[in-house]
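The two complexes that follow have chain A in common; it is paired with chain B in the first and with chain C in the second.
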Partner chain A sequence: MTVIPQESAPPSPPGGLEWIRKNLFSTWYNSLLTIAGGTLVYFTLINIITWIFKTADWRPITVAPLLYLIGQYPREELWRVGISMLMISFLVGMSWGVWKRYVRSFAIFLGILFTVLAVFPLETPTITLPIRIFVLINPFLIYFGYRIGRTKRVLGRHVATLWLVALLLIPLVILPGFDNSSLLPKVPTTVWGGLMITLLLSVGGIVLSFPFGILLALGRRSSLPMVKLFSIFFIETVRAVPLVTILFMFSVLLALFLPTEARIDRVIRALMGIVFFSAAYTAENVRGGLQAIPPGQVEAAKAVGLKNFHTTVLIVLPQALRLVIPNIVGQFISLFKDTTLVYIVGINDLLGIGNAVLNLNSEFVRLQMEVYLFIAIIFWIFSYFMSYASLQLEKALGVGER
Partner chain B sequence: MSEQNKDDKPIIIARDVHKWFDNFQALKGVSMEVQSGEVVVIFGPSGSGKSTFIRTLNRLEEHQRGTIIIDGIELSHDVRNIERVRREIGMVFQQFNLFPHLTVLQNITLAPIWVRKWSKEKAEEIAMQLLERVGIPEQANKFPGQLSGGQQQRVAIARALAMQPKIMLFDEPTSALDPEMIKEVLDVMVELAKSGMTMVVVTHEMGFARAVAHRMYFFDVGMIVESGTPDQIFKNPQGDRTKLFLSQILEH
Partner chain C sequence: MVKDGAFTTKIPIWRDERVLKAAAQIISSILVFAFIYWAINNFIEITQQRGMPLTYEFLNEAAGFPIKESFIPYESTMSFGRAVLVGVINTLVVSAAGILLATLLGFIVGLMRLSSNWLISRIAFVYIEFHRNIPLLVLLFLWYFGIFTKLPAVNQSIALPDLIYINQRGFYLTWPDLAEGGALFAASLVAGIILAIIAWLVLRHIRQVKGTETYFGRISLAVLFLVPLIGWFVSGGQPLLLDVPVLKGFNYQGGLRLTTEFTALLIGLAMYTSAFIAEVIRAGIQAVQKGQIEAAKAVGLRSSQILTLIIIPQAMRVIIPPLISQYLNLTKNTSLALAIGYQELFAIGKVTINQAGRAVTVFILIMAIYLVISLLTSIILNIYNKRVQFIER
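And now, the complex of A and B:
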């Protein structure tokens, strides 16, 4: 038997100084470029940092940080927002315990966000110590929920039911309250605002439009001519109209046509517009997934005797939805940002609050840069996180590893 | 009652079955009777309608003229009849068609749980017995994508058997397999045939036909050109087309 001599491994890539010499200063013009580029980066950074800490005037944000979070929601009813937050934190924690890695990154993100908010070194009279402590409870509650969710007795459907209850209770009972109630006095939606409205509209829009969109996608492929025609008509009409127009239609026309006693709340009207809009796009995304499922799957399901309904729910949809997660999440990120358009129908979402603060007094008018940058960062954090979470979800579901 | 039926009445009756795809006529009056416990092999050139024919037997394709009666139930537009027939017929496809998002065990237990309304425990117990029977119990918790083609096809056979069908249809079950995997699938099919299962098999595996088939049917251009026992077909084929086709596939 011949012995194959061991070859020595190729040299490992150079580290540290060697890497710098090889990649940044290999020739004279490379060195020149490195120095020029380095100088540019250096001065840009210096400028940005001095602007943030010296030049910039952050008063539009620091005088009323709560305004950006909840708008004009009465401060004496602040606890209701707090309770809602605690409920969500706890449920996120429980979901993490039950569904593990599908929710893990989201739960950790939320925990970090709350912790940072609680200890953020911002000197302002409106953020009192009790508020900070209240915010700091959230990360602990997430962890507490996680420990409970991990136990054997808690099942996925329990948590799903709790979510359903919370998602109905918060926007319909806790936040609006009732007439003539001393515990939960009525808070009209006219004073709701800020991030709270942005999140309500986007979460509501996503949660409601998703099943609606799936039904439309299935309807478009239905063999029943009326169902098919309606789906195509709905999808194509809604997609042909800008969101601004739809929002106007719902906000103005709906109010005109309905009798005054049956007036629908303006936030709900805006939400309906968003749901309509988003459902049409979801439907087209889901249809793409449905078309990618080979006909053999349906044949196999039929051959073992499954009814059409079971074939769709157990075989076709799980595969189709898995395929279109990236598209759907992309669409939801757009939707999240598009909710800023409700500003034009008079709802003070995060961006609306920013504009309102800028017009508060003559000193603030020139501070657009600061306000818009602050709002942009909030949107960036949420959007970036959604896209990160979708990547995690794809990995967990093993997309592309069929 | 069904015991009596077994002796006198064929479990599959197809009379003068016609099928068109738009203007193309795929089946031009196919008639066939299969007794309970019989193994029937259908062969013929591609495009001869053999796959289309067995797909009409469980209504994956709709026939437009003629009669098909499975175990006393006539296939028509009546959805309930179609569902009843499909519960009695298992089918194995050329491309396996396993559900890629479910584990092997879930693939097999899905229909018993949702169609037969068995408990999960009962379905899983029977699924494990079937996996033993096809020789891959250790793969129960893997996903189809992690298995070889031969293993996938054996799972597909177990999935079809889980519904405890009276009839099994095989649509070119070994055509998509690498050569070294054909035998493991054929072994399972031979065992099944010997256990007394009624089988209709579209295949070009002539060794399988010789070993277990009771009758063979040669299809060409949408018709049955010739039929007979394996002995008659192999030793003394009548038609020129049959002779030519047999010489082509037996050459190697």
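And now, the complex of A and C:
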């Protein structure tokens, strides 16, 4: 009989002190770094905290929080923004139910955000109790949508259709309204502003740039030299120039290239510029996906007798687009940040509103730090959680593992 | 028997692939050109109404507007062409300085992020996540309006005596100037760099061909320092004069003056881009397989050799392509300077449009210049990229 040697017990997980020794004071220079870094962090934090709670004057923000969200949108028409918000919350919830973990982290983030906004202690007369209650409905609606979305009868294509309807309805019907309507009176885009316009421009930009991006990507890989040349020329030119120049081109120069009687809305022009710009980047992302599809897929499709068009639409594109979802989300995040540039062409996005508030009152003129920091934090929260959600999405799709 | 005809039936024209492809090309070309023709037709109509000729002759006319800072002599009586050139140089200067600073910061933060020290790694993490998730324009506003416009007045400058003075008007740095006979030293400095590079290339080639140790690293380093040192003594031991900023009347004179606009743009751009570069560098270093380092240790390389011979060359392959696109982004992002009042290419272009009234021509010129800058940068960096990539056997 052989004696099986007794295995020694696995080392116990390091305790607190052990962890500190290993991660902070492993060598003499690490100890030195820890002490220097710790001192730096300590004094920075102390300074920041005293500034936030003592020195800083947050009145430019607390005096008109709604301004940052919706700009000059008439307050008596506020319910239209609210309805749009509710629709989106419900759809996010349904998407969570249908596509499960692909959307989960984003849905939860949105729910928490609404809850925090609803209960945030602010003594501003414009934020009335009904508004708070209205905001607080959103997280429940997300959960309600989730429960509905989870039932077997609701399919992905239903939710996708609803999204399409909502994304057309909100910016084209609910928010702008009509000329001679008593229920939905016209609200010109000149009074739209704040986070609302930032979101509209970035979501609109990414959604509308998608078809163009796909066409350009296919064009760039086409075997037809003329089509290929046009696509490459467009993509490379747009990618080589700054977004500001393109926005400026659309806001100032577009009028020179259109018939004299054509007048295009200011916000639409900015949106056109963003789509124009974004399409080139979408095209490059989609091209990456197209290149990742093994040639065997196309050959197999041809072998079973599919035509070129069907091969592309039924075999190549669905696989390629699935692969590039995380990249598209990344592109969306940078587009979301880049929409601040519309401020330069005179649109009242978050940054524009911030500047307007600074000029509102002579006491506010020197409070740029507070206002810009507040705007930075809004952007930070959205971008950080979107990139977190995109990381989860990437894991769920298993992109890196194949 | 099968009739021959069954096999040679002609494919109908509307299903012949060659015909279809040709047709697709012709149709798409016609569509594109028709659109361009339509747009240009509209444009010509409008320009004729307003009387804006499509020529670049106005570039020779007097610009008539001042530019706050310029690295070449400029007066408002000089031409529009000169003004645009000032803009190009301002863009290039801030891009080059930004790239240098961003790379340096990015390397430091990227290495900090990889540190085994938990606290250091966390500090780097916070730095990266803060800068990556806010818009660059907001960051620039924070630096410029939030901090730099609140700097003290000239007579209350923040000062490191005789070294640096900071106030509302800008940053005044002590800067070395060439003294008389300093040209000799400057020449020896350039010569030293060139000779060192030649020595490095030649000696390394000899080593690679013959296999004998030529100490190319040490020798070229020695050349790099010795030649300028000789120049220093030959030129009389005092080739450089320190130009110290001095308060005269209401302003500082002398030294190197950086305006607050330039500095805010530079700091904002560099910090923003450095966060992205730090992530690129971290990914690159993490992409080097552990086995490589273990193997290097096993064959007895020293840790400095492991870094320079094993880790850096392999990490570079992963780092260079995304680094190129970060550099290009930084260059394009200089156009945001418009919002804080540093006059680079785009800002000067906008003033030119207002002054000369020729929106389209100026605009095409500006887009073309950005295109050239981007293309040149990417060509140069792609040549370098080809050199560091794997050569597959």
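Keep in mind that, in the parts below, the second predicted complex is superposed on the first by the 349 of 402 C-alpha atoms of A that agree within 3 Å, B and C clash if a C-alpha of one lies under 4 Å from a C-alpha of the other, contacts with A are read in each partner's own complex, and residues count from 1 in each chain.
We adopt the following convention: a contact is a pair of C-beta atoms (placed from the backbone, for glycine too) under 8 Å apart; a residue touches a chain by one contact, two chains touch by 3 or more.
The model shown is predicted, which means the values in this text are computed figures rather than measured ones.
Partner contacting the larger number of chain A residues, of chain B and chain C: C.
After overlaying the two complexes on the shared chain, residue contacts for A:372 are found with chain C alone; chain B is out of touch.
Of the two partner chains, chain B is the only one touched by A:297; chain C is not.
Overlaid on A, the two complexes show chain B and chain C touching no common residue of chain A. Of all residues in chain A, only 294, 296-297, 299-307, 310, 314-315, 318-319, 322, 401-402 touch chain B in the complex they form.
Of all residues in chain A, those touching chain C in their complex are 23-24, 26, 30, 33-34, 37-38, 40-41, 223-227, 230, 237, 239-245, 248-249, 252-253, 255-260, 337-338, 340-341, 343-344, 351, 366, 368-369, 372-373, 375-376, 379-380, 383-384, 387. Those residues of chain C lying in contact with chain A across their complex are 21, 24-25, 28-29, 32, 39-40, 42-43, 45-47, 49, 115-120, 123, 129-130, 132-139, 141-142, 145-147, 149-150, 328, 332-336, 338-339, 346, 350, 353, 359-360, 363, 366-367, 370-371, 374-375. On chain B, the positions that touch chain A within their shared complex are 58, 60, 83, 86-87, 89-91, 93, 95, 97-101, 110-111, 114-115, 145, 156, 159-160, 162-163.
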